[in-house]
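Each in structure tokens, the structures are laid out below.
One chain, subunit A, links the two complexes that follow: it is found with subunit B in the first and with subunit C in the second.
Presenting the complex of A and B:
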């Protein structure tokens, strides 16, 4: 199940969301407890080992922490592959996600202790920085998971995005009919509102919901002018068009907001995933470098 | 004009035809319902075009803003006839041969419908970030490969292609661009002493996937002293353990500007904490730390100056350690607060005798420190003449030679006119008659001078001790120590801010047997443990060194070979 689908599922039904246990509280914070224990163990190990010459990644405690951190990185990355498997039961996936989040946060402590707080302009620190960025982007993802599904539900109000777009389409059809009798200039404005209004689009449009020069907004402004109607009969037509445009604009805003929320639920992955691969490469380089020049 | 209009409507794969006949002066096309041919699509102007009859045919003229397309070409107006195709917006009008009695026949078809409204919206809209220019897969691969190339492959190539310098004794060549790649693997800055060859990884890392070997270190550091004396009693096991360690096990590089020498005492205490159990035969006292756990200092004092033989004695009140340098000396007598006014000598300072030299002082010598005050005169009448110092056996010969030379040069001194009547004090001996021969005179003068020089508690024995075993005109051997704590590295220069007397109770010392070396408690007044906050942090190597040059080299190694590769040196 993709993230977007999960978000849809979470946002689509409040009752379903209530019935399901959030990955954050899964099994009464089982993985939070495990992560806390892992962090405590790492801190204890770090404190217990007082090597001659000071702590760094090359002492036995440093090696232990480094091996654990490396294995954890590989295991956490495995989640990205595993969550694409639809054959596994969903409850298991929630457990995996819960573990992914909490153990990912624990990794920050374990790997930081592994460094012994030695940093420099080298690939070793690059691997660490990439790991921090991956964790930070993941934490932002968790924040989005917590924040946006509820907002999506509130915004959708029992409508799915496709239903919203269907309604917008029916407004377009009504507008088409209503505009057949109007003069060419207003008809052209309406034609643009029908043909050139977009939902979604570029990254900026999807994320921020900004659609400068939106044809529907332009049409609404055009038909909002008081002097548009030349006769009483036309005034009724114009009123109808204006009403249709207003309703379309409202629905359009909701749809675009929905897309914006959905984009927020996805965009962090566009940082998280590529940086994870960068981290894997840097981790490999780090390990090879350490062993190559022993 | 009479026109037959066929309206074609496509429904799926079927085409429906509806024909109607229109009779009008001209044929108007447009969205408006008042047109003869209404084109009900918002893309068409209310009045789009007008078709009219002309002599010999038909003509069509654009009446709205929408340009006409006649047979594919844009036109404002055109003469048309059967077979021509006219596009008005999404509609296509095809003229055909009119039936008998008709002026024109044409078909009207909506060839570009607006389509389903929802499909149109979905078609125009890109929903989901996967429809933007972003690509997780592309970015992932790009970053993965870029980092593998730049951070893994390039440094390996730079390492393999770089100069195989295994002797940092040579001035290294300039690094070049590959330094950046090699530097990217550097896990931490090198110690300052090694930085000048920092860009030559192979100087120390001589083969991939192999730990740095001692041979790399010994290229420069072959003279580093051992820690355990060869053949030391009871230390074979520890010696074997040390022999199994690599230099780099203790001296960890790439840790920045901190020294490669490990300062933490725990390294030393690993062995020294329990040597009494692990190596009882070595008779080395256990050390548990500093200041707590460190035994009282043991000083090396002279037990027998003739040997000379030194003895290690613990500093403390019971028993009071005694030095036996073979001299009679009182610091107190020399450090009189008012000096020596009769001799016009101001109060003495420590440094007047103890001349600093490195961490310690120059050795005390008679010529350097004593002779300026303690002259070795042997005759009142000859205040400029002194006996030689340092070789007691040569004194008699020197005196005899002096007097012999005197008699050769000036003859036997003539005695003053002897009184006719010798008046002597009661019980005094008669004056010895002057010798008549030069030989006798020299012998007499020499005996007289030797009696002065070796007079008890005067002359030589003012400072030296007699040794009955050696004879009358000999002094006991002297052995003065310059370091009483040879196992430590006390640095007097580092402590120059502290007055000498704060540590050395010289003003109270009346005997050369007094050991003026302070005990541990004097050090711990200022020095604390290695994590002390209010005392100078002190660790084992603050006072001791591991590699002792006097014990010979730590590692025996073959002469380093300079490996050469093609293209490098």
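Presenting the complex of A and C:
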């Protein structure tokens, strides 16, 4: 590269995404602006239509908002397919996600106006409630996407989870050797700490990162007691075990936090995606009901 | 006068055996004399099972010996049978110590046995290996000393000393270290003579403790079971079961000169005619001694030389290939004319006709009309051009295409980008009807490395070229003479200082290969603040402003720069106001740009981190901002889905600083390590810079071993799987991404090939990993963009 190229680069004559830009700020909030415009248009439409019998989905404004909302739902669902179409020559996925998030939020306003605030114990309101849940779970996903990635990196400090587990295993080996030099009871406590410590565990444990009765924590308390060493020679041995347990506990906490962060980044999808399909079914029922049975 | 035989062939390598078999088939009295106890000594010394390629593929084989791509063992066996079937008159374990003209014509060959043998003609096919150098210390004759290593597997659990820090010594030490305790005995402290990849490997092995390293050592005595060395702080005794000395070979030049052949320099190949006859009538030279490095043409030469001796005027086997190139471009004249024209080019004048033929087989001829673009600024270089006829013009200023620096017949161009490994810096157009010779990258890289005259020819024009391109296109040679005289090519190892902050020297450096970092003091420690790749210059500020150096400049990787003496350059500036104006203008621009230099502590540490990760020899790096990355691995899935089911990137692996992560993925190096030793020449660089592996990969694994970044893997491709909708709707298959479960890996039954990132060069919309990132965390960036990337990163 020469000086000339540098000037080119400084002038920003680049074609490819060459800087880190979050989906939230993508293209200077292009999709946020579009979503705002869509919401404003929906509100205007809603306000402009003043039918005699009160506002509901069956008026011309209601129909318009309903059709837009339904198409939007189908298009938003399409994201799941688009995300996995790797050869598509169109825009980057980050643009799609940006649009998915902001237009998804706009959907809440459009669909709510479509209802005309008529709710009841019927399939129509079920579809609406499901949609709200999908949007809420998606919003929670955005929250997780913003909150956890940085924490995850800070927690990892250059170790991958696999490396953390490897180090925990090597602490276990050391502990195993150390256990040979102590009496039966403390040896049993160490054995438990090696064998019964859970790293991942149940969904609840993974999400909360809370492991009551953790065998390593129990062992740490046990070896933290002042009166445990029977002799001076043993005191050194006990100190070493305590140190190993402390280091293992620190690493264990990091590994569990890592798993918990990863779980938070993924768990919302387990709500968002199935509810989306439930919404599609309810939406279909709603449309069929409206068209044929009204 | 009768001779013992009509043709005496000395040396039973590929060329020699081929000649012997031809002579036997033609029923000519002959003898094939070989120093070692077997045929094919050079190939014999290849590592076991080494895959030997039958290149160039386009060259027809005309030897009586069969030759196809095969293993070392098959090759040796085939040719032994071939020689035996033809009843070649073979004398193994016989050294020819002298060749003299016979009194009544012909030659007298003095043999190591003391006998003399007479022959009407002699074919020298002894290769260039020469005689291995032997240790000349007391005890060197002991049986624990050996000078070559046929099979490293033969030795287990021994303590072995390897003497010699060249490629042979390093390769032996590395191979032996798997099963033995190996000590490398080095006269210096590092490995300057070795190929960079080998030097890296041995340094890594030493660092890991796999190989002991004795530096600054001189062998004084060898005793049974012990090597006595002089080292820095006295004498040391190294216990060893075996000593392997790889201390080079004496070139055969002295022997050749004793035969009456004149050599232009000790490293030059002897001159031979079209019929392989040397300056001594009746004495023929073929094979690698005649400058032919590849097996297949050597075999052809063996056949041809016998036919020539018998008076049969065959055309060389490559003649039709070269003729076809002439015909294609409608160039009138014969191959001989072309050979002569190429030999007149300053770049190639030191080469023999055989070497030029070899170049021409791979080279391309181009006819260009006035106005036609020859090379385009911004593309990656895969070749160097020479002007056979006509004239071309280089556009020194991209915004003023009319302004041209003209080059005429005999000139060459395109070498700057080849040396830097980066994009072409200037567009070149034909300005008259021109005939151009384009020599491919691999050939050029080899020639620049091995032929000092070619290097000198390139160096000779370098200074003028840089000055004209950067500053003043109108400068003529007379104006530049003093500056050119003051200039020197300087090499820097990674971390070496070109310029020290506060110093009062005022040289200018043109970076022609590698890259440098600009650093300053920060928190009491030197940190990198900017990065400047090859094809740029540094150091003019101190010269123009007559101030001390404002920053430290260090080589980021192995770097080659041309240093121009400050005093000489100042004199030139005083004499040529045009030049001064341009240099000052450029400096102003630069100072403007320099404001983009990073100033925040976190930013400075990030660029420092990236440079220390070795990304400075990259041309394009995948960078992940972990504050945005949601670890969905869609990048890896996209990679696998667009590349036959095998992901070429590992998102999680690789170093991280703060939230900046460099995943394990190809960086498309300026000088790709993977290209260095690819037997089928399957690794190429596309015009946009993508380094990719073509379909003719043979799966030898050299590139995987040579890549210091671990981004190449040997993989068999998985069978095709159900489409995305079949998975989404009916749950068929495992979904997108590479399936690395044991069962899926077992289902990959095909042969393994090298796979790596090709930056999705065949996908119009760009790298799939970046496009598939939903959160904007993944980007690909060139090192010179890093500063912008970091500055714009969210903090």
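Throughout what follows, the second predicted complex is superposed on the first by the 265 of 294 C-alpha atoms of A that agree within 3 Å, B and C clash if a C-alpha of one lies under 4 Å from a C-alpha of the other, contacts with A are read in each partner's own complex, and residues count from 1 in each chain.
In this section, contacts are C-beta pairs under 8 Å (C-beta built on N, C-alpha and C of every residue); 3 or more make two chains touch, one makes a residue touch a chain.
These numbers come from a predicted model, not from an experiment.
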Partner chain in contact with A:193 - subunit B first, subunit C second, else both or neither: neither
Which of subunit B and subunit C A:105 touches, first, second, both or neither: neither
Partner chain(s) touched by A:262 [first = subunit B, second = subunit C, both, neither]: both
Which superposed partner A:113 touches (first subunit B, second subunit C, both, neither): neither
Most subunit A residues touched (candidates subunit B, subunit C): B
Partner chain(s) touched by A:94 [first = subunit B, second = subunit C, both, neither]: second
Subunit A residues contacted in one complex by subunit B, in the other by subunit C: 4, 262
In the complex, subunit C residues that touch subunit A: 397-398, 422-423, 425, 469-470, 533, 535-536, 586, 589-590, 593, 596, 623, 625-632, 634, 637-638, 641-642, 652-653, 655-656, 658-659, 661, 724-725, 728, 735-736, 763-766, 768, 770-777, 779-782, 784-785, 788-789, 792-794
Subunit B residues touching subunit A - in the complex, by the definition given at the top: 31-33, 40, 42-43, 45-46, 64-65, 114, 116-118, 120-122, 124-129, 131-134, 136, 139-148, 151-152, 155-156, 159, 183-189, 201, 205, 208-212, 250, 252, 255-256, 258, 262-264, 266-267
Subunit A residues within the subunit C interface of the complex: 1-7, 9-10, 14, 16-23, 26, 80-81, 83-90, 92-94, 96-97, 144-145, 148-150, 152-153, 156, 158, 160, 262, 265
Contact set on subunit A toward subunit B in their complex: 4, 50, 52-54, 56-58, 118, 120-124, 126, 161, 165-166, 168-170, 172-173, 176, 179-181, 183-184, 187, 190-191, 194-203, 206, 259, 262-263, 266-267, 269-270, 273-278, 280-282, 284-285, 288-294
